[in-house]
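Following this line, the structures themselves.
Okay, so chain A shows up in both of these, paired with chain B first and chain C after.
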Partner chain A sequence: MSALKRVQQWATFARIWHIYDATWQNPFESAALLKKYLMGLHKPIYHPLADCGDHVVVINCSEIALPGDEWKKRVYFHHTGYPGGASWTLAWELHKKNPTLILKKAIYHNMRGNLQRRYTMERLHLFPNESVPDEVMKNISNQIRQIRPVPKRLDHYTEDEVKEFPKLIDYPKDYIIR
Partner chain B sequence: MQFIRATTNVVLSNSSFLKLNLVKTIWTSKPSYLKEVREIEKGSELIVQGVNYPSPRENYLLKNTNASVCPICSSGLDIKHTDVLILSQFVRSDGCVLPRRITGLCRRQQKRVSSLVAMAQKAGLMSNLTPANSKKDPKKRRGWKKYNKYFDESTIKLK
Partner chain C sequence: MSIFLRNVNVLSRQLLKTIHNPRTADIKHIKRWVAPTLKELKRRRDKIGPEPLRKRSEFLEWNYDAEIYAFGKRLGEEFDDEILRKSLIHRSYVIQQELKQEREETTTTTSAPTEIAKEDNSHLIEAGKEIIKNYLNKALQNQYPEEPAEALHKYLTADDMLSHVAKHLGLTDLILSEDFPVENSTLARTFEAVIGALNESSGLERAELFLKDFLLTQLSDKDIFDIWEPEKPYEYFIGIAKELGYKDVEPRLCNESATNTILANYQVGLYSNKKLIGLGYGETIENAKDTAALDAIQKIKLQNFNKKQALQ
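And then the complex of A and B:
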């Protein structure tokens, strides 16, 4: 085996570490994307028994965005097993308790319930903000592109940018600007 | 500098009673950039002068290519609720949408713009254009309202 082929072999079976910024991203759309990297579905050598999945580091999990009023409409169910042990938690309440849990559950439920799922989840590293330990950060070699563009708030534009942006309408002549 | 709605010159004697009366009858609450009021004191006379002021938008106005339709229709833009630089042009400093007689939009676009402004406000993207007593930082809102949310523009129902 030549040196080139040998390195190619290592590169093919090496576990790659990806990073994903969850700022303003829908956790359920992101789950379908991140699942592919975790299971190794993006690789041509994929096979359910191949164990070729990668690591995914997700940062800013507390900054995820849900559409419309889904924060108060989506409900997470839990049952302790005892009579009267059922509980329903709204998405925003769950997010308040643990800002990484919505994304974790979304990815967990996006995968099929087989014996491999728990091991695949071990390769997922969720962080509520940007602070990632150095021993995790030093492995990262790829960034996964965000699905939705991050919107910019009006007060984060400079005054000149707002003033010099092309205007669609002008005020009438006698208008008092308020 | 004070700003006022009056257009004609008002000449007053310098008595305090008249000054007080003037303040009550003529609206001096907020600055207007289209009308400016200058006060000149000449001996015992106070001259209040209202002068036109050029609009701050004059130089940045997009040329309306088709004058028979409203500015948004003629521009052919598909405005999203995240386009705050466009939406803020249709909003007063307290977050109210300008009425149709001011904006000059067609009925359809006016309704769409007001819906988009509501979406942008709920998403906390125009939090500096809100009433004075409101919390400017969206993170300080109560309960579920403090978390990031986005909207689908196809949910706006238009005829």
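And then the complex of A and C:
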């Protein structure tokens, strides 16, 4: 095999490291997106037996946004195996205990339960905030686009910016706001 | 011993024939003695060991004249019968025959001397070698620069390649030589002799077309870098870049991934005058640089050479 063919193979199966910012993103929609990168489904060479999945580094996991009243209504079930060992944890409780767990479980459940799933999960690196170790950061060479654009919250604007924002109408000067 | 062996073989073959093709209407079961008998026959066969390899010409129905006639016809070539026969007789075979005749003379004094071939194919081999060399030079020099052309020439005229072609043309059984099974070098020499014979029978043009059809086509589907590769590709390319008209060649790191792991991958592009001339990959930057140079050599040197030749 010539050197050219050898490196062609090397480059074809190169592992790419992606980064994804989970701020204000729906974890369940994100899971469907990230799964493709983890399993290598986005590659033309994909095959269930080909080890062609990529690494995904997710930052700001604690900033995820659940739709509707999911924080209050979504329940995570766990059973210790002993009688009376069942427990139900609400999403907001789980998020308080471990801010990366909701996203992790979402991605885990988005994949089919086969032998490959746990190895694929090994390629997922979750971080609750923006601080990522340097040795991980060095590997990254691609950013995955967020599903939804992150809007700027009103309280993040300065007072001047709010004041200078163009308005069509304004309250009359003698209007009393209760 | 050999008669015994043959008997065992014949017997077991007959037995197997009746067992494997039972006329279902007649035979409802297999007799109790069949299995132990077959087992015993198998045991005896195994004890004797495998049958020795035999020359095809030792078989009863071997017809050398027909084979010689069919050889040329099969390939669509007009061979002179005498010359083709001569091209298949090796020096070792002639010596063997002479020794055999001497031995016969000493044992039986009164029998008439058997006719033996006097002439062998050594001068046809020389002629064939020369034709192959000249033709390949002509064919390859038009297609490739000097160094790869030389490597390809060497690759095509190696014993391995010539014997491969000769074997698949069906020369193995036709060769008359001392060694059995026929060695690769003998096969290769015979191929050269056959080329010499074709040259004498139908002329140089046919011989060259024959080489084009059967020898040169062996390059089809093969990668040039499998056969020839510069030892230090980057330095080699820098050396020839100027004469190819590429100034200030510089390698640039285009992409990298997983640099902190053992699966690191780098993509290096060779640029000249802000234009990409070669792209390479590798597990280190040095490796990627070398493969980028190989890519550039393939794209510029080898392909441009073809185009230039086509224009002329």
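Keep in mind that, in the parts below, the second predicted complex is superposed on the first by the 163 of 178 C-alpha atoms of A that agree within 3 Å, B and C clash if a C-alpha of one lies under 4 Å from a C-alpha of the other, contacts with A are read in each partner's own complex, and residues count from 1 in each chain.
Operating definition for what follows: a residue touches a chain if its C-beta (ideal position, glycine included) is under 8 Å from a C-beta of that chain, and two chains touch if they have at least 3 such contacts.
Since we're looking at a predicted model, the values are computed, not measured.
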Touched partner set for A:148, first chain B, second chain C, both or neither: first
First, second, both or neither for A:1, with chain B first and chain C second: second
Touching partner for A:135 - first (chain B), second (chain C), both, neither: second
Of chain B and chain C, the chain that contacts the larger number of chain A residues: B
First, second, both or neither for A:78, with chain B first and chain C second: neither
Partner chain(s) touched by A:11 [first = chain B, second = chain C, both, neither]: second
Contacts of A:112 with chain B and chain C, given as first, second, both or neither: neither
Chain B versus chain C as contact partner of A:55, first or second or both or neither: second
Chain C-contacting residues of chain A that also contact chain B: none
List of chain A residues in touch with chain C within their complex: 1-5, 7-8, 10-11, 14-17, 55, 135-136, 138-139, 141
In the complex with chain B, residue positions of chain A that touch it: 24, 26, 63-72, 90-92, 95, 148-149, 151-155, 157, 161-178
Of chain C, residues touching chain A in the complex: 223, 225-226, 229, 233, 255-261, 263, 265, 267, 280-283, 287-288, 290-291, 294-295, 298
Chain B - residues contacting chain A, complex: 3, 5, 27, 30-35, 52, 55-58, 60-62, 71-72, 75, 82, 84-86, 88-90, 92-94, 102-105, 123-129, 136, 143-144, 147-152, 155
